[in-house]
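Consider the two complexes below, in which chain A is the common component and chain B and chain C are the respective partners.
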Partner chain A sequence: MLSLYLILAAFVGLLQAKSSTGDSILVILDNKLNRSDYSLFFDGLEGQGYSLTFRAPGDTTPAIKEHDTPNFDHVIVFAPHTKSFSPDVTPQSLVSSLGKGTNLLLALSQKQNLVNSLASEFSLILPPPQTPLVSHFPAREEPATVIPITPQPNVIVDPDLPPIWFSGIPVAPGNNPLLFPILRAPAESFASDATVDSGADSVLEAADRGGEGLWAGSSSSLITGFQTRNGARATWVGGVELFSDDFAKKHTLGGKKSGNAQLSKDVAAWTFQENLVLRIDSVSHHKLGGSETPEVYTTNDQIVYIAHISKYDPATSSWVPYSGISDLQLEFTMLDPHVRTSLSPVPDTPGEYSVTFRAPDRHGVFKFVIDYRRKGWSTLQSSTTVPVVPPRHDGYPRFLSAAWPYYTGAISTSIGFLLFSLLWLAGGEDKAKTKKE
Partner chain B sequence: MKSPMLVVLLAFVASTYAAALALQSPKFTVSSPNGDQIRSEPISLTKKSSPVRLGPQDVLRVTFQVTENDGGTGVQPHQAFLRFYDNISGEDGLQPVRVTSNGKARFELNMARPPSSFPPTSPDSVLKVSLIIGSFVHKPLAVDLFDLIVPASQPVASHPEEVYYHPQPVIEHTFRPEQKTPPAFISAVFSALVLAPWVVLVGLWSQLSPKVPNLFSLKIIPFTATLGAFELLLVWYWVDLRLGQVLLYGAGLGIVAVFTGKTALVQVGKLRKGSI
Partner chain C sequence: MAPQKTATKPQTSAPASPVESLWKAYSDNTSKRLKFIDSFLVFLMLSGIVQFLYCILVTNFPFNAFLAGFSSCVGQFVLTASLRSQVNPENKETFKEVSPERAFADFVVGSIVLHFFVFNFLG
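Presenting the complex of A and B:
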């Protein structure tokens, strides 16, 4: 029975995959790191259906991109000890591949290196070199730099995730809304280069300097996601040890298995566009009561707008209709939004969102705009241009009660004309009478 | 099975730390900008005192001593942070406190110039102040001190694009008010007024009693019918037709009218001359 389950599980594992943007991953792995120390993470990715290509930071092949075309769909850079990279790995090349849709999973270093200098271009403020995150809480046998963290749940982190082990540096995320902290530091932790109590003064001096002098408390981030405007994702992880087999197998203080394996899988799944990926399949609009899309709308028309939205399902590698967005909004815009209304899911029709609203009484070229951005989720953007025109000459209401006198006037004039014409044409003296006289 | 392991583990943990840390004579003072003491109390670690309220210019001073065990010698820990936590916004600020080598510490918060690490506050936020003491050689210590109520800070400047990442306020278009129409009764009265000349006309005609002997003359009736058709076409235009259709049908009728009119007018001329 058990073996049957195993076979079934293996089968599910085979079917399971993959990213919505592609399955090839380039891993730039530090010479000082062994692949076998991160086997749970890398084998897990391969088991999901990704094809991994390993490369030392100094190697020149395979290149990240050739002829300005990325060679890989995703790039992992785990090179915290590397100072010099081969010429094709530069902040510029990483940024330009990000611009072409390549997703990046980057491990920050305690030393100054390429990944760290790239991070500061993404509004991440890093502590000075050699100042790792330190926490004396809770009392434990591990060094102060190996920290158990109970993750705060968010869209990526599962609420049931057990505590995880972390060792590395914190970053202060800037206020760039494209940034998205995935794992925050514990409240009692801070960045410090001291290893003995007498090093307390350096912390104070750092704090006195003001600005980002002190990396402390839950405002600093340990795993930070960044989603570019074109939808590519980059994730900075404070320390590569998070993905290690050591931490994945290490038991937490409660004696349970740590959540590192699950968290590293979730972080990779988010970075490689498996999760929280949405798309708009189609949009349509028509007048209330009709079904055809008109070329123009008239002011004050009742307009029905319908959008169909799908979410990527990594388990089946397919897009499935998704009705789970509760705060989608539609704007009807001419320079400024004239109408902004919620676009709510239609019950019983998966993936369909609809709203009916009255067109403004201003004519001009309007746009239906969906601009849905939420941290962690891929963005939804759609814009459809429609003209809104005033009523045609015969589109105004008739038979107005206020115009009755005018109608009667016109009709009575017409009848009068007819009558007088008739009298003039058909009238005359009776012949018999005339002859008599 | 579990408990002996736990005991061993706890014993091990205890052995790695020389001793626990303790907080001696924690005390806070609130003074006004001119130096008057408003409130000065020792901080009870077991029972929280009433919330401390600070004015926009007030100064809060917190003093304490960190010692080894209870009543032991003073020590300087690696970490001595005051944490200000706003449980409404979830934001916290950590302010390091300078502890001397004999464990004595003194912290001053001047609300006129709050430190940059102080969290932004809203008018109804209550900051929970706790003290975090950590050390490489001692067991760490975290104690809740008191609740702090401070004046609201300036709102934090957020990124200009931050608003797009949250639901935005609903916008409803303000439509022009419907045009006012006079009551139907008044319209009816004025329509009646428009029809009034007919009364005069019919009254005068009744005196004259005009005759139409040629009404059904086969040479005249087609023209009167054409004129009637023109009037009907205009009514039809009002109710339904477009201009192009009216011009088309009108042109057709016009050609008919030319012939019927010619015939009718010739006939009328003959009648007038009395040749018939």
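Presenting the complex of A and C:
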């Protein structure tokens, strides 16, 4: 009976794979796009347990945020053909929602619109309008703007993912460290006027003149993730067609089913903070041999630092201890890191990371700092301040081995004095005798 | 009072060198008590030299320990030398009021005070 419940619970959990931040999504869908053309993607999200609210770009309700509080946990903007949005959808409102933890999934447009101008605020360098990505390889029946791409695997893209179809614009990622290219363009592709290849010259000129990005080859990005300092995620996709049923059902050149459905699910899962979400549950520190956290440390103490880290598991909607980080580092800093050491997982305790190190021979106010930033993963940050003091006046070692000659000298003088006195007194009788003699 | 030993100068064998004659004169003309004191003085001097060399050549790091060890040797040497001059019968005229027993008592009290300070300063 119990196992039946467990299976049932696991099944329900599988159905209700949800985000770590919430399950309400606002979809701002273009008037020219039909929901039914993206049914695989949207139905898939609803099947996972998300509640989707659709809204046209011109509608005023439901608002993205009210009274400075976001109404939705996630926002999808698929409006590549829309020129004018309702007043509450502005770059400022999207950015402030992002600052309050709302995740954004945004489709870029071939024309200049709100999402494109927002993208340039996030160090994404967009090509001139009406210059989509073009590739003439491999030879195929589809137009040059509909490109089969074999994705390079990374933390989000599965290595077994079949080739996908893409149609849209590339972006050149700027040097913002928070940017994370999820899908890169094929090496032989470039941004160009769709009708004639000679349009590529104008793109090259624009790149030269502006000194900006070059939208050609694998340096340009098609799906770009951005993770803010508070952990919210925003993803720009070069073309909304990536999520369409057409591309999901379309067969690749090899005759197999394309990977679009899987990739769009993975991208949404990353954007809505289902995957690669970590948190620090607790940190503690104490002296080696003790278990209580002292108020101060003395220089050269052996310090034990322990951190507990959990990862969000979307299958069960819960946080589970996670020991899979192999490159975590701990710094013991006073302005500069005086100690930087690897914080490695404890083998038998899941989620526990521990290190023992010697406090520097330097007193002052120190901090234990964990600052873990990896592309795609949520940032782990922790800082604990502790004072390190010099030993008390009686805390130093008292008798040193280097001083043994001096100790021997002083003790032998005392023993010599005692012996001398004893012999002197003993010899007094001899003296008396000799005197009598 | 220790009786002054009559110097029996052996004329039979001529001394080979000045050092030897000095040594011979010393061993012949000095009483056992003074020789006893002298041997203690030599011991203290050697101990002080050893500590001083260690301080120069190896380390003076616990400097208080060096000061304590070295000054115990020097202080004990001074006290013992004073005792020697006070109990030496040749200095009888200088120390009329000081009997050898009184000199020894002074020596003991001074040494105990010295060692008290030395061991306080050592660690």
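The rule is simple: the second predicted complex is superposed on the first by the 365 of 437 C-alpha atoms of A that agree within 3 Å, B and C clash if a C-alpha of one lies under 4 Å from a C-alpha of the other, contacts with A are read in each partner's own complex, and residues count from 1 in each chain.
Heads up, the rule we're going with is that contacts are C-beta pairs under 8 Å (C-beta built on N, C-alpha and C of every residue); 3 or more make two chains touch, one makes a residue touch a chain.
Everything numeric here is computed off the predicted structure, so don't read it as measured data.
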item: Partner chain(s) touched by A:S258 [first = chain B, second = chain C, both, neither]; value: neither
item: Which superposed partner A:S421 touches (first chain B, second chain C, both, neither); value: both
item: First, second, both or neither for A:D361, with chain B first and chain C second; value: first
item: Touched partner set for A:Q110, first chain B, second chain C, both or neither; value: neither
item: Chain B versus chain C as contact partner of A:S93, first or second or both or neither; value: neither
item: Of chain B and chain C, the chain that contacts the larger number of chain A residues; value: B
item: Which of chain B and chain C A:H136 touches, first, second, both or neither; value: first
item: Which superposed partner A:S218 touches (first chain B, second chain C, both, neither); value: first
item: Touching partner for A:A402 - first (chain B), second (chain C), both, neither; value: both
item: Contact residues of chain A, present in both the chain B and the chain C interface; value: 398, 400, 402-403, 405, 407-409, 412, 414, 416-417, 421, 423-424, 427, 430-431
item: Of chain B, residues touching chain A in the complex; value: 2, 5-6, 12-13, 16-17, 75-81, 83, 85, 91-96, 98-99, 116-117, 132, 134-137, 139-140, 142, 157-159, 161-162, 164-165, 167-173, 175-176, 181-182, 184, 187-188, 190-191, 193-195, 197-198, 201, 210-215, 217, 220, 223-224, 227-228, 231, 234-235, 238-239, 242, 264, 268, 271-272
item: Sites on chain A touched by chain B in the complex; value: 134-141, 144, 175-177, 187-188, 190, 192, 194-200, 203-204, 207, 210-211, 214, 216-219, 255, 300, 327, 329, 331, 337-342, 358, 360-361, 371, 373-375, 394, 398, 400-405, 407-409, 411-412, 414-418, 421-431
item: Of all residues in chain A, those that touch chain C in their complex; value: 398-400, 402-403, 405-410, 412-414, 416-417, 420-421, 423-424, 427, 430-431, 434-435
item: Chain C residues within the chain A interface of the complex; value: 1-3, 32-33, 36, 40, 43-44, 47-48, 50-51, 54, 58-59, 61-62, 65-66, 68-70, 72-73, 76, 80, 104, 108, 111, 115, 118-119, 122-123
